[in-house]
Every structure is written in structure tokens, then in C-alpha cells.
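Can you read through this structure? Questions will come right after.
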């Protein structure tokens, strides 16, 4: 029986920086705590929102350890450990396991487009060194590789590869995954504006940074789905859609950082070359948030 | 108050041909009747399924008249009248109105990509000569023009333009339509594999040729949505998804014609250059249909 | 030995309309004559520039006959006879042959995307009824079908299919055509901004509407290539590039009609839904033309 | 006056690994020497071919120093120093300058799609810490960002940004660059199958890994262009086109490594997840090489 430790809302914290663009671990812990208090069903540090690829090895380790300390097993944790080389991916995956992560998330990063066989060997090499489950992440926009349902099927044959996060932004992929991989496949939506369509398609959960800004609405959407109440799900979804579109269009780290500041919280700084939203963009975000919260 | 005469399942009959590749009007009427008997909420002749662009003016008129005779006001009718030139579009739209059509469907066909202003003037010129409502059809794959939500908003300001059929295959378009155009916008799904996601997004109806082959399942999906029963809708949708994908992949006229033959009915012939499915494709379709019906 | 009657600059006249949007045959003849006088090596009526798909059968016939009268065998003629149905394509191809056309050009128009086999059967059916050569036209943007080099190879096995017009806008296609089909393949460039790259790749000719506006530069480019003078070809090409980009961006019939008026000639009217360039666009075209001609 | 130190064939060495997947510096030096001996006009270590993003900081430094030692100022050197963060890019650029590099090449790597302003600030921050020239590299397929001609124009206003490498694979970009940026813009082709078209468009040079396998043909193409002999350039280009297509399709590091082994030279190993060509692919490459060399 495959281990599938996630369901519902899997929340992605940002990795905040201080004025010297160093990772601000105390602020990171505070942000993780906000997500936990607001009801997230899982915490996923070092994702795209957490600017994983912009961090040094030491920073990744510090963020991983800080997450474990702050979550303290209240909910399951999903740690991003993707790296261009197989060796480094193994290194970070083992570090996460030892630190206490529930599972790791791996996208096949690829400067050079990988073949299907290379991708299988990559996951296989990492999986063989781990005992915790792996979530495979498909997001061609950032990885440069679009994994077909057939390839995902091969990956799911590796014993501890048990979950798929799908972020192409095309709901038909989820339909095909479920038809191709069977009703029991555990797939998660990683495309915010697809939240409603993905749950309608049977997604197990939603991997999202939006609980940093509107945790109640995020939970309400999931609850409506759990209650088989499509009318309510639709109502709740359309209330938050403008925000979902905005954070994707502007880039999650920039948009969440700005949103935290607008809400009176502390989102810290970004690391260059990433820069804060412009004043016009911030004003637009402020309007969207105030219309949701009125 | 805008007139919105359609809701639910709007069924598209094929235009069958005889052995000399002439339109077979008696067989067409029989196919329309099958759709009515099986519960379709509307009948839409001369759509893509009905190979509108492959017909002569006289054939289009004969099909329009045959539809009116056979439907006899039992359900509303939606007649395709699109043409490359504005003059011909007006001609066929007026013919449809005089023959008794409830509404007409118009896609901005464009060998030369039309500007937004040209598209507005085209619809405006046609609308000014008609009293019945117009459904605007967005399908960049066949028209070569992708109408933005902003353009669709302009078109909806024309008094008798009251409905939108959206066939890009991207459910996010429907979300944006509803956000941009308001909760009361009447939009219809024209992409078969998006049926579930579109209803979840709030579509008023589904424009589809699939009731030619599996009318019960089509109606069941719509009924589940009406009953706010997402679990049932999901179950019914996944039962028919392979067929929805197949008919889109192979081309609706080819696939529906072959399916009718497999079901023991008469789908007539196709007009060249369109040719019947290959033997392998027919065998695949037979398998899909028998798995649905077992 | 295959008949390949074209080489060099194959000029495309517009089909001008009068104030009632009727085809203006006397003006058409005048435009054909301008092209001949300015040195075109071939005349191609009823192309995209000539808005073939917007014309009735009778209008196509009248334009074909007017071309033959005006050209009077001074240069070879290439008549567009494409149609969605095989029957109509045969009809117009035979008409062109009887009227005296040197060759016909056929693009596989397809509302429903055709399979490779359907395309081969379509060309085969037409070719079997003709004695003059056929130029196959690949332009996925307007036909909806992108013919692979492998498919083009199959078509060239039909005896009187002897030439290929390639308009994808990707010069690598021409390289692959020549590698795949052999050094003797006769291919023609149909993408104006690729004129230099296509000749560098070995194209036999350039199918273009631009001689309507700048015949001297067009001929100079071809002559430089004939003289193996790349430096001169480059210089002449860059002088006209802004115009080549403009006429493609705005649509050939609109841009050529406006350009003729700017040059003090008569381009007639367009047929709706096509509308003239806006004032701003015309001003931009005027600037481009005056910079070329200064 | 802007410093533009490159012209002609800029050759990209691979970064070879040993059996433990460690960088093999002695073998790297040997490969650099082969390129020099065969006539390359410049040497560019740590490019895509040199798997820059798969190396640690220490490895990048070792490769940079080995290049300087081996080249010993015989030709100019162009060192890849791109990194996701601005700080790291500055670090490696300064290292290269101190080591003696003639210029550095920088692509705006972006996990999160950068805005135009972020890209300008990124280059500006790096340029302000350097005295040697920078070549800006546009390759949306690997960087995830497609820099418009307008943005490139802004970058060229930074004093030591003096050169552009264009790798979209679309020759029209080069035409637009030259029209937009003026005749004096120094642009280089980075798309191997576009070599002929790019030189015809006026490219200053060709950034390529293919001299590792067929140095004579690469030089002959450049010489033909220098001699204004398009006919010869065409002949030489078509002789090597199959190889150019192959190395791009299979990925440069894999294809060059395999090709070196086929030629009896030592290409070392690859670093996982990159794997050697399959046996079938190697056989295909062997055939291509033997047809070129016969």
C-alpha cells in the first residue's frame, strides 16, 4: 500500500530575506506559524514560492531545519529538494529525510532537456536512497520538460514515488492522468487559477501559496468540495479568482511578499534579480485584497 | 432583457451524404429525430459537425428547412450561418430567421485574420438585419481568430448578441469570461473534453455532437450538475471521457459517422476530401463504445 | 522530366472591388499589366492576396479569364484553385487549364484537419484530371494543416505535382526540404520577410505581392542572388524589410490596396468584413514607402 | 567606441568528466587545444555545451583558469558566468576578468520570469563591477525569458554591453535586431541549423560546438561568406546540415561527447542525470560523420 500523506490545502511559505538579502530564518518561522494557525493541512518549504533555486546549500538546510522545528509534527511537511544534478538531489533529499520531512517534492530540472530514460534513472537513483515518499512535480514552464502521462506512469512504478503535482495549467491533463493512471492515483493541483476545475476533476489537494494571504477562502473551497456542494465551491472560487490570477501573473514570491506587507504583516525582502512589485502593481493587489475582504 | 433561449444539452446532427456525395435530406431528418427522442434540449444544424463550410448555398438552405420541419418547435433550434463574407452571412442568417430558427450561431471565419473593429462591424451588420438572437462562437482552431474577453464584451453590447460559445479548450477562458462579463453572461461549452470543468465553471449549456452516440450519459452529466451533485457528475464524466477525447481527436464528422454505423444506425457517407475512419480507428471506437455501454 | 515553369519573382495581383463590393475586372487587368511592365517573371491571380476564398465561382472564373487575356502568354501564369471540397477544386483546376493557365496552385484548405492520406487522395484526384503542373502550397496559418517534408515527398510522387511553395516563415523548413527531397526539388518562398534567407537556402523563386509597390527592389534582390553577390542582396533586402514586415502584419490585401492609393494608383475597394487600413496605419505605410523611395 | 573582440567562429569546448563524474581538467585542456589548432577564432568555455549550470563554483573557477592557461592569449576568450542570482553572477564575472578572460557571456537565467526592469538592473549591476565587455545571450528555450529587440536596445546602452548572441532559432529576429539596433550592432548566431541564414543576415560570428567535430567545414562556411561567395557557402552548409540538426536535437554535450569518441578522440564522461547517446543514436551519428568525411 502506497503512502500518500497529503490531502487538502498544502501551503507554501515564502523564503524571506533581510536587508542584506540574507535568508531571515526567524521571519520564515513566523510565516510558517501563520500558515499552521490558519488551518493548512500541510507545509511545503523550498518550493517555487520559497525560491529554492536561488538558495545556497547551507540556506536550504537551514530552511529545512527551521520548518521541522516550527511545524513540530502538527501537519505533514513536503520539502523541495530538486537540483540539476542527480548527486545534489540525492544530497538534499537525504538531508530532508534525516531532518524529519514527511516527504520530498522533486521536479526534473533540466537545462538540457532530459530524455524519458534519464528522468526515470534520475528519480530511481534518488528514490533508492530514501525511505520517505516522493511527490513528482510536472511544470514544463519552469523545468523545461513536460512529462507525459505515460512517463508519469513509469515513475509511479518506483516504490516510494506515490504522488504527482500537476502544474501545466491545463485541466485536461488531470483528466488524462486519472484515466491513464487509475482512480487511485494521488494527484495534486499546482496551478492556482485551476483550483476549482482540479477539485472537480478529483484532485487530492491543492499546492498553493495563496493561504499566505486569504487562508479562510482557500479552506472554504476545499470544504465545499468535501461537502459535494459545487454551487458553494463555485461561489467561493470566483470570489478569489482575481487574486489567484494576479499572484500567478506577477510571480508568487513577489506577489506574496507584497500582499503580506499590504495586510500589515512582514514579508521581508526579495533576493536580486527579483525586485518588489511596482507601485501600480501593489495598488492593484491592494484593491483585489480589499474587495475580497469587504 | 436579453433573450437566451438555450440551456442544457444542445445537440449537433451530422450532415449525411449519399453514395454520390450529395446531401441525404431524409437521412438527416432521421438523425435529427433520434436526437430529439433522446432528450436533447436544443438542435444545432450546420455546425462544424454538420460540415457547414463544405456545403453549397442551396444545400445549407435545404438542411435549414429540413431541421425546422423535423423539430417542429419541440425544442429551440440554433442554425449555423457563418461565412467568410459579411454579405453571405447576412443572406444565410436571414434565410434561417425566415425559416423559423430560434437563433443563429456565427463564428468570425477569417482567411485573413480580422481586426477587432472588423469583427465588431461584421456582427453589427448581420445583427442589424435580424430579430432573432445570435450566439457568438469563439474557436481559434477553426476560425483563425481568438476573440479576447474584451472583444466579446464589445460584441455583447449589440442588442441581439446574447450568447457565447467558447471552444478554445481552456477552462480558464470561461472563468475569465464570467469575471469579465458578469455572472449573468450566457456562455456555452463547445469543447467536449471540458464538459465537466465547464459546468463546474458555470456554463449554461454544452454544445456537442456526442448525443448522437451516448445520449443518456450526456443528459446524466447535465442532470447531476443541476442537482448540485459533483460526485455523480465526476463519475458520469469519467465514464464518457475516452469517447469525448476520441471524437475530438479524429474529427467530429468522421467519428460520429463511424459511431452511428457501429451502433447499427445509418450515418451515411462523408464528402471528399473527408474520408471514413481507418479500420484500426473504427475498431478503437468500437471498443470505447462497448466499454461505455457494458 | 518534371515541368517547372517558374523561376524568379512570381507576382500576386490583388482582386479589386468597386463601391458596391463587386469585382472590378477592368481595374484588375490594369493591375496585372503594371506587374508585367515592371518585370515580374510570373503572374499568380487568385492567391491569398487576391482573396480567393471570398469570391464566388463566377468571380473566380472571370478573374482567371481576365488574367489570360491580359498576360497573353508574355510570362507563365499560376492560378489559385484551392477549395475545401475535392469536387470544387477539380472544377476550378480544370477551368484554369482550359482558360490557358500555365499551372495551378493548391493549398489543402481544411476546416477539419485532414489526415496525410486524405491530403494525398485530394491532390491525386485533382492531378488525375489535369495535364498542367501543380504547385503545392504549405501555409499552416491559413490552411490549418502543416504538411511535413515526408508528406510533401509523397505528393511529389504524383506526376504533375512538381513545385512547392513554403510559407511557414521558418527558413529551416526550406533547408529540410532540400535535404529531404534532393537538390533538384523546386521550392518557392511565400513568406515575404524570409526573402533573403530563402534565396540563400536555394529557393527557385519568391511568390510575393510586394512588386505591386516596389517592383525595382524586388527584382534587384533576385538579380543580386543570380549574380552570387550576397553583400548586394543583403543591402537591397534590408532596404525593403520594413515594408515586407508591414504588409504581412497588416494583411496583404489591405496593405497592397492602401499602398497603391499612396503611390497615386487605384487599388479599388475591399470586400467586407475586410476594411481599409486605419489612418494611422496608412500614415505608417506612407512613411515606410517614402523612406524606401528617397 | 565599443569593444567588440569577436568575429568568425567562436568554439565551445565541452566540460569532460571522469568515471566518478568529477571534472577532468587535463582532458578539458586537451579539447581546448584541439579547437585552437583547428583554427577557431575564439574559445568560449562554460557555455551550454560546457554544462555550466551543472558545475559547482569551484569547478567553474578551475575550468576558467585552465582555459586561460591553455589559450595563452592566442585567441580571445568568452567565459560563461550566468547565474540565477545577481550576486553570484557578479562573483563569477569578476573571477573571469581577474583570470584574464577577454569577455563574459551572460544569459538572464530565470526560474521566475524576470521583468524587463529586473533584467536591466541585473546586467547593470554586473556591468558596473567589470571592465571587460559583456555578450548578452538570448535563448528563451533555456532561460525562460525571451528578450525583445526593444529590451536588447536598452541593454546595449550599458557601456560594456557590446554584443548579442541570438539563439531563438528564428532568423527574422536577426533581421529585426539589425533594423532596430542599427547596422553596427554586433550580433552572433547561437542556433547551429541557422548558420547560413544568420551569416546571410549579417551576423558577426557563429557561437558553436560543431568545430569539436568538423572544424574544416565550419571554417569553410565562414570563409565563403567572407569571400561574398553565396554559392560556395550554400554548398558547404548543406554538407554539414544533418550534423547541425543532430547535435541540436540530441543535446550538445551528449552529441559532442559521442562524436569525439566516434572520431577516436576522448570526450570523457557526462554528469548525471545526463546520459550518453543510445547505441542507435550513436550509430546514426557515425553515419552522418562518415558521410561528411567521405
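So that you can tell them apart, the chains are marked A, B, C and D in the order they are listed, and the count of residues begins at 1 in each.
Everything below uses one rule, namely that a contact is a pair of C-beta atoms (placed from the backbone, for glycine too) under 8 Å apart; a residue touches a chain by one contact, two chains touch by 3 or more.
On a predicted model such as this, the values are computed, not experimentally measured, just so you know.
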item	value
Intercentroid distance (Cα basis), chain D paired with chain A, Å	35
Averaged-CA centre spacing for the pair chain C and chain A, given as whole angstrom	52
Chain centre separation (chain A, chain B; CA means) in Å	38
Residues of chain B whose C-beta touches two or more other chains	none
Category of the chain touch graph - line, ring, star, complete, other	ring
Chains grouped in pairs wherever the two touch, ordered by label	A-B, A-D, B-C, C-D
Contacting residues of chain A [partner chain B, same complex]	169-172, 175-176, 178-179, 183, 193-194, 196-197, 200-202, 225, 228-231, 233-234, 238, 241-242, 245
Interface residues, chain B side, partner chain C - complex	21, 48, 51, 53-54, 84-87, 108, 110-115, 117-119, 121-122, 125, 141-142, 144, 251-254, 271-275
